[in-house]
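Listed after this line are the structures, all set down as structure tokens.
Two complexes are shown next, each including subunit A; its partner changes from subunit B in the first to subunit C in the second.
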Partner chain A sequence: MPYQARIIALLFILAAGALALFVAGGRSASAAYNIPKALPPDEYGNIIIDRLSTKNGEKPVSFSHWIHRRKHTCRVCHTELEFNMKTNTTEITEAANRQGKFCGACHNGKEHDGIQMFGHTDKTQCIKCHNGNRGAGRERYSKDMSGLPKNKYGNGVDWSRAIEQGLIKPQHRHTDKPLEADFEKTLKLEAEWFNIPPAVFPHKSHIAWLDCSNCHPDIFNIKKRTTKHFVMSRLLAGEFCGVCHLTVAFPMDDCKRCHPPKESK
Partner chain B sequence: MRLNKAIAGTGVVVFILAAYLVTLGALKASAANEFAEVKHDFEEICSNSANGDSLSPAELQKLLNRCDQLKPRIEKLDDADRRFYLRRLKSCRDLYQFLLESSQGDQPAAAPARK
Partner chain C sequence: MKKYVFLTACISLAVLVSIGAFAQSGIKKKRPLPQDYGKVVLNTYSEKAGLAGVVFNHWLHRSKFTCRVCHVDIGFGMKAGSTGIRAADIMKGYYCGACHKAGGKAKFEACAKVTNNDFPKRCDRCHSLGKVVAFENDFATYTAKFPKERYGSGIDWEKAEVEGYIKLTDFVEGVSMKKPLLTQNKELELLPKVEGMPDIIFSHKKHTVWNGCAVCHPDIFVGVKKGATKYSMVEIFEGKYCGACHGNVAFPLLDCQRCHTKPVS
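Entry: the complex of A and B
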């Protein structure tokens, strides 16, 4: 075999090896993590709240994030109305609801943004929340989601694009004074695997939904150097991004949303 | 004579009752007024958490001081209100403290080691 042909063959083998490593590496990166099985789009983000209901002889409350997030950002409930991020850790009581706190801030039997809200004021309406059915609201999914940008994961909707394109205009404040938050810093975080592109974190698309205090300092605290623990296994255990991106925001099997291929940046 | 005494007695009871009701009303009005003032200050302080990054260290320090001044006033509210407002006061105070400390020169930790 001529000398040049040997060089070409060697280069070819090396290239094939690199490609095989790249493909295998990519597979092992996603296969290495036990990503939870996704719920159907019309159930993703739905939760059952049962801190006191069953104890008090009522059915647990079902709450659908996708129904509510079209009208209100996460900030309204998780900042102003003080709902914790973890289900069943907020001290919601019927009395507090009746005082206009938690769900009762809107669900008070009065008109809210031109819609007559149900609440603890009408006993025939109890079943709307106290139904114990995680799939409650399924019948309105197709209609509510029509016209919104599609996504393969989560609710089947790209919520960030929906808000960017003005297809939904969720209210960002309940009673707080309107202030403009404009923080565009995008972070780039090296991946744990050599062949996985860095994770990109855009503050801008997060503050469209959240308040700074939802994440800082409890979830992300650079002061306490918690970023050194910022690894996929911990995210999948519900820490850091996993607080939302396993339950409500797009799930972690949507790898490329956080780790976009280099050419798409 | 007896009738006069009975009328006088009733008058005293009515007076005491009226005084009690007036005092109770005044106390309730004062509590409601205090609650409205606390809520106003609370919203003014904590609504800045959405744009905390744009605040200067001096502004953050001022907000921290206001949080500390507001806390004892919230602690005097009734149980449900106290729990509700203390939780968010803590979260916005923590944010301002975090932003203030972060602005004073600490750098983020290094990225995790690659596999």
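Entry: the complex of A and C
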């Protein structure tokens, strides 16, 4: 390539880069990506469900993922009990609960696993869910989480290690037998940016909690050569890994957990 | 200058279209409600003729008829809009008109030549797209006693048939042919392509109750010889092979273990 042409090519690349920076820099990160606000560990993964409550003169329901995931894997609610993955999209009604659907599958006023469950059976217990308080359950956090491996982000707990080490034994089924898949393939996904170590995706630690259909094919379509779509900008916008790893599973602040540094191999 | 603007617009449009064609959504799709599962809209000619599109719910018909009667004997295609049904066809006794005719078995006559003073109320029974129509049968009440299953319409249709909650008609006078009953009870064990996934058990017996042979062979599955049709989960997710029914009308593909039933040995 002649010297001049090389200069022109270089200038062109620089100009394109500058343009890209200008476009990206024009918006702040939080404006570009609707990243959820960082929450304290005892509130991370807590949601307020208010599809019908306020309309019916009740306080909205607070639901804490960390209280439940100690005892049940994701698939129990998100597969068997048919809870959707987005707040307020599941047709939960008091009637459905009373028929033993959704929350009512366990919260029915009967004994469940040796524990007396509350349900739509006792009026004094309404406040347990219908409290409109996202921080509900905060007082039990330190006791419930004691002895579990620490993590810097999210709930402050390394849930995967907790289940691997047998410190928690969440139920993996409600009434149904889960899929007995033995799928342990670990994927290595090259990073977009130079010098960022590849992302490692272990199927094994995911199927400890989930069914195949929780992720496939809606979130990840299982087609070959489509992993190129898993770019950070889309993840941060709540797609792909971002469906869970922004709101309930450890958040993406924990870069190294997916992109382990090279020397740690 | 204008030429360049046009050219740039064309190129960016082409780029956008190509991105769109290969992109995947990365989020969970919204699942239809049980009563809407298997709902199809037939609107090839309706709107052009000044009528609302036809909304057809599979659940009511499948509680009374086999799939085969409509999709083989009467000749409905397997994809909404692929049949190209005209009112004139129905008046001649084809398609819906095979039952929904004067003196026919069905409760009302579809697309009658003579309109009485019940017009347009009678049309609304089918041409109901975008309208609020109170149907004779309410899904929840009608199916209240049927055996339940998660996902899809929430009903275990196979069990409902076996246990006698529903009686299926497999013969329509003047359309169906009297023929010896073909029995194929062979259970096929199909091996998944992905290591670690449980084997698939395919039951001919369960399928032939509803489908006979001709719903699936030879259009969807060419061979009567095992292994003659090669397909993958990706293609099934795209609505081919098992996905022709499972995912639209028959139980959806979210329920991995309903097919992948044999544990890995």
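Just so it is clear, the second predicted complex is superposed on the first by the 220 of 265 C-alpha atoms of A that agree within 3 Å, B and C clash if a C-alpha of one lies under 4 Å from a C-alpha of the other, contacts with A are read in each partner's own complex, and residues count from 1 in each chain.
Just so it is clear, a residue touches a chain if its C-beta (ideal position, glycine included) is under 8 Å from a C-beta of that chain, and two chains touch if they have at least 3 such contacts.
In this text the structure is predicted, and so the values were computed from the model without any measurement.
*Asks:* Taking subunit A as the common reference for superposition, should the pair subunit B and subunit C be classed as clashing or as fitting?
*Replies:* clash
*Asks:* Check the residue A:Glu239 against both partner chains and state whether it touches subunit B (first), subunit C (second), both, or neither.
*Replies:* Only subunit C; A:Glu239 stays clear of subunit B.
*Asks:* Considering only the touch criterion stated at the top, classify A:Phe194 as touching first (subunit B), second (subunit C), both, or neither.
*Replies:* first
*Asks:* Touch test for A:Lys177: subunit B only (first), subunit C only (second), both, or neither?
*Replies:* It touches subunit B and subunit C both.
*Asks:* For A:Gln99, select first, second, both or neither according to whether it touches subunit B, subunit C, the two together, or no partner.
*Replies:* Only subunit B is touched by A:Gln99; subunit C is not.
*Asks:* Between subunit B (first) and subunit C (second), which does A:Glu91 come into contact with in this model arrangement: first, second, both, or neither?
*Replies:* Both: A:Glu91 reaches subunit B and subunit C.
*Asks:* Using the touch definition from the top, say if A:Glu82 reaches subunit B (first), subunit C (second), both or neither.
*Replies:* Touch partners of A:Glu82: subunit B and subunit C.
*Asks:* So, A:Pro217: does it touch subunit B (first), subunit C (second), both, or neither?
*Replies:* Once the two structures are laid over each other on A, A:Pro217 reaches both partners.
*Asks:* For A:Lys55, select first, second, both or neither according to whether it touches subunit B, subunit C, the two together, or no partner.
*Replies:* neither
*Asks:* Which subunit A residues lie in the overlap of the subunit B contact set and the subunit C contact set?
*Replies:* On subunit A, the residues that contact subunit B in one structure and subunit C in the other are 79-80, 82, 91, 176-177, 179-183, 211-213, 217-218, 221-223, 226, 230.
*Asks:* Please name which positions on subunit A make contact with subunit C in the complex.
*Replies:* 79-80, 82, 84-86, 89, 91, 176-185, 211-213, 217-223, 226, 229-230, 234, 238-240, 242-243
*Asks:* Along subunit B, where are the residues that touch subunit A in the complex?
*Replies:* Residues 43-44, 46-54, 80, 83-84, 87-88, 91-92, 94-95, 97-99, 101-102, 106, 108-115 of subunit B touch subunit A in their complex.
*Asks:* Within the complex, which stretch of subunit A touches subunit B?
*Replies:* 75, 79-80, 82, 91, 93, 95-96, 99, 101, 173, 175-177, 179-183, 189-194, 207, 211-213, 216-218, 221-223, 225-228, 230-231
*Asks:* Under the touch definition given earlier, write down the residues of subunit C that touch subunit A in their complex.
*Replies:* 22-31, 33, 150-151, 194-198, 233-234, 237, 253-257, 260, 263-264
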